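Before anything else, here's the structure in question.
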Amino acid sequence: MQKVKIILNKKEAPGIFLMGLDVGKEYTKKCSPGQFVRLKAWDSFDPLVPRPFTIHAVKDERLYILYQVRGKGTRFLCRMEPGEEVEISPPMGNAFPQLKDYVLCAGGVGSAGFGFLLQEAERGSYPLPKKFYYAARTGELLARAQFFQNFSVPLALITEDGSLGKKGLITDVLKEELKEERPGAILACGPLPMLKAVAKLGEELGIKVHVVLETFLACGEGFCMGCVIPLKNGKYAYLCKTGPTFPAEEIDFERL
Amino acid sequence: MQKVKIILNKKEAPGIFLMGLDVGKEYTKKCSPGQFVRLKAWDSFDPLVPRPFTIHAVKDERLYILYQVRGKGTRFLCRMEPGEEVEISPPMGNAFPQLKDYVLCAGGVGSAGFGFLLQEAERGSYPLPKKFYYAARTGELLARAQFFQNFSVPLALITEDGSLGKKGLITDVLKEELKEERPGAILACGPLPMLKAVAKLGEELGIKVHVVLETFLACGEGFCMGCVIPLKNGKYAYLCKTGPTFPAEEIDFERL
Amino acid sequence: MKDYSRNFLFYPPLALASGTWGLGENLFKYYSPAEVKETFGVLVTKGISLKPRIGNLPPRIWETPCGLINSIGLANPGVKEFKKIFLTGLLKTEVKIFVNLYGEEIEDFVALAEEFKGTGVSGLELNISCPNVKKGGIAFASQPEVVKELVKEVRKVWEGSLWVKLSPVGPVLDVAKACESSGADAIVCANTYPGLVVIEGEKVLKGGVSGPAIKPLTLRLVYELSREVSIPIVGCGGIASAKDVLDYFVCGAKAVEIGTAFLIDPELAKKIAKELKEKWDM
Amino acid sequence: MKDYSRNFLFYPPLALASGTWGLGENLFKYYSPAEVKETFGVLVTKGISLKPRIGNLPPRIWETPCGLINSIGLANPGVKEFKKIFLTGLLKTEVKIFVNLYGEEIEDFVALAEEFKGTGVSGLELNISCPNVKKGGIAFASQPEVVKELVKEVRKVWEGSLWVKLSPVGPVLDVAKACESSGADAIVCANTYPGLVVIEGEKVLKGGVSGPAIKPLTLRLVYELSREVSIPIVGCGGIASAKDVLDYFVCGAKAVEIGTAFLIDPELAKKIAKELKEKWDM
């Protein structure tokens, strides 16, 4: 873990913050979309382990994360001020797969990692997704919609209450749209129930789905063997070593 | 514990901060000089217990503490920003004794409580001390010297390195000055070695010394029986119940 | 949310744990008489011995990661003084008073129990688990046979509720079974964990560790014991939130005691009781 | 500062504890080969069994106040695979490699020990204290006589260093003495504490608790054991700073292992070793 300076820590939506960190160019050069970093912003053993966050965006020497306040760790994070320091791990986990003819699906802050993906896609180092489906409960929870709009990829906003974009669940919209023009793959990140639903839809429509999963991570580095993801073949994968992105068909969602 | 708003958290000297809290008039009316409050500025069990700080000053609905950063708890405190909240206990412990013809002796942030004493003395609810001896290692560590100068009580500044005021230890200066004009009593607050030295001097010169002591406090309220101060009569006193100010002659400094 | 209401050993199912609220002197600085009754179903006194005890030398208490370590040494005014000066005030709370008893020999416990006959005290909590005294205390907890004898003897002279407060170390299950078979009405699981801190790199403070740090350990004990004994278990260890209380119920406790959290903030228990009542809709 | 240098069991007196750094795969992401040697005197592998073990279902790990609880279930590739794929890399570190062994029966341990004859492995750490497996593991730790037998049998086939890793619960002193009398070269005090967390108000995770929370408890054990046994004690539990290491030395340890702190920040051990060397002026 190294200390880096906070350059931004701004509320983007109710309970959702954008944090910018001056990590240096050496660091950002090592980062790939889909990877995560572990952050520690407290001088205490409670919370004990640094918390993992997907890399949301990268610009020159700066790295951004988009995070939701959930418990003790994120509460500490959201109280930090620009100028103060946090501790950061090296980039961890594996990059998103390079997919062809694919769409993005995000639920809530599950959108975080797709910012960096879109940045790289526009730079040409990743295939451009055909469309980005971004859903949340309400319109104001669609954090960074503005930012995502800046890319050349069409953005479909979806809200459960219909306060912004289409009304419904992300799978409702997908069901409708994907029937007509079937993409080669779906890359999905969000709450587990959504991922399960998207995986099921993919199976029905014969579209390969890749899901970005979450578990509690102790080390993030393959040391502890704690972050186990049960596979359909009866074996286990480790989220931090093989993930966080997995082919949905390999995951045993029942035992997860 | 109740939540109150921070109105000020300013560095006064290297490692020493002044924190102002909007506690309300109901609260400040209950406070007496010599009492302390317990503060918690972290959402965590590490540190576990709120930390005690002497009431440094009171103005209308505001309460001030002057504190030195020592460990985890005070590190959390010093990172708080005005507008944020801390949790505060009711005022605890006993008031300073009402002494006649007395002088004040402070070492370092031991000066904290004397601010409130001087405020009350000027208002007439406490006898005015004859003089205030305030010592620290260096001049810049004499936090709030300016503030203390505002009172009608003569202020003698003393530094070990001579960078401000008289050079030497507080007892050196006392030895010299008190021989000539012997006060009725000394009220002393500061590091334990200083308190021991002042107590010894008082004994030699036949001046009654009152010392403000510190221990680790778990509850501050007489519940845990942890804050034990050994007395010369073989018994124990509890700092939070009978103190924090004690007649020096009753304390068994050897077993402390 | 499952309804545990019919299963409470007492109601409200929160007690104040021995040694963490003194003998009641400052309780009313934080609680109105009504609030005491709404929050606590039982108040367990500081450990009381036959003779007054002055307690241990400082340092007696220190912080550990998410915990406290204490070596108070059972400082208390002795049973006579306690009855004369403190008991009447405690009984006025109209909350069930349990007296935590400390003795070095079985006879001490019996003599203490006799002292409380007809005093209005609801129950006795036999402290066989204090790690901070040379004799008695935790020494009992390594000898299930002695505990059996102890409970039997006290049971002979005491008709009110009789709880035994276990140590979390030693042959805990055997001791629990000994309590069950000899007439205890409930077991309290558990006292502090023997621990040690090195202060300022030099001084060694041996004492008992309490607080959130030990919660997962004691919770496990309650879980295991509740599957092996049929008398009710009062959970005690690291409770500092309503979730903590519920966790103990999930693991089989029929009531809980709050200790260290009361030292952190006396009003926490009030908030916990309110939150639980709302959850349970009572 | 007292000079403990002549008393170290190995040097630098820091080891990496079993199960908290995998089998070395990502170690060099955080340490240069030189730094590994400057920081650690011993590397203790993840528990290795005769057959591969897939480990337990999720959730396997969770946070507790100032601690972790884990129930990995000794997932490991089995001894054959370990020797074939991982051991060579580990031996290249030029740091003493200790293999943590897990078996269900005494015969398993003996067979495992035989496997490591002549492999370049410096020592074996017998894991009789894993709380997360149905057979073996902590079950041994309640039977000092069985431990005695176990150590004797392994001693017959293994000439290198032989450590036994104790459980912090059960008849710890008797087990330690059994190790001493049957030829163990050192005892490691200790493994994790049996604990339990309730996740999301429902799911019960039983596992072993580690980290700063348990430090005062294990420190006390080391203190007590070091007064009763004469073979060296390796302290292990909650070490996360140079002060923690020194505390263990003050209490009688002759070396220490770092576990959970390595999960928090792999580089912490590096900083601790540096700080200690400066303190000791070595």
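We call the chains A, B, C and D, going by the order they appear; numbering starts again at 1 in every chain.
Heads up, the rule we're going with is that a residue touches a chain if its C-beta (ideal position, glycine included) is under 8 Å from a C-beta of that chain, and two chains touch if they have at least 3 such contacts.
Computed from a prediction, not measured in an experiment: that's the story for all the values here.
Undergrad: What's the overlap between the neighbours of chain A and those of chain C?
TA: B, D
Undergrad: On a CA-centroid basis, which chain has its centre farthest from chain B's?
TA: A
Undergrad: Tell me which has more C-beta contacts between its two chains, A-D or B-D.
TA: A-D
Undergrad: So what's the Cα centroid distance for chain A and chain B, whole Å?
TA: 51
Undergrad: Between chain B and chain C, tell me the centre distance in angstrom, where each centre is the average of that chain's C-alpha atoms.
TA: For chain B versus chain C, the centre distance works out to 36 Å.
Undergrad: Averaged over CA atoms, how far is the centre of chain B from the centre of chain D? Could you give it in whole Å?
TA: 47
Undergrad: Multi-chain contacts only, two chains or more: what residues does chain B have there?
TA: 45-47, in rising order.
Undergrad: So which bits of chain C are touching at least two other chains?
TA: If we look for residues of chain C contacting two or more partner chains, we find 65-67, 211-213.
Undergrad: Can the chain contact pattern be summarised as a line, a ring, a star, a complete graph, or none of these (other)?
TA: Topology of touching chains reads as complete, every chain touching all others.
Undergrad: If you look only at chain B, which of its residues touch chain A in the complex?
TA: Listed in rising order, the residues of chain B that touch chain A are 42-47, 72, 75-76, 79, 81, 84.
Undergrad: Spell out the part of chain D that touches chain C in their complex, as residue ranges.
TA: 64-67, 69, 169, 193-198, 201-202, 204, 206, 209, 211-217, 219-220, 223, 238, 243, 246-247, 250-251
Undergrad: Would you tell me which residues of chain D are touching chain B in their complex?
TA: 65-66, 212
Undergrad: For the complex, which residues does chain C have touching chain B?
TA: 19-22, 25-26, 29, 46, 54-63, 65-68, 70, 72, 75, 211-213, 240, 260, 262-267
Undergrad: Which part of chain B faces chain C closely enough to touch in the complex?
TA: 1, 40, 45-50, 87, 89-90, 215-216, 218-219, 221-230, 235-236, 255-256
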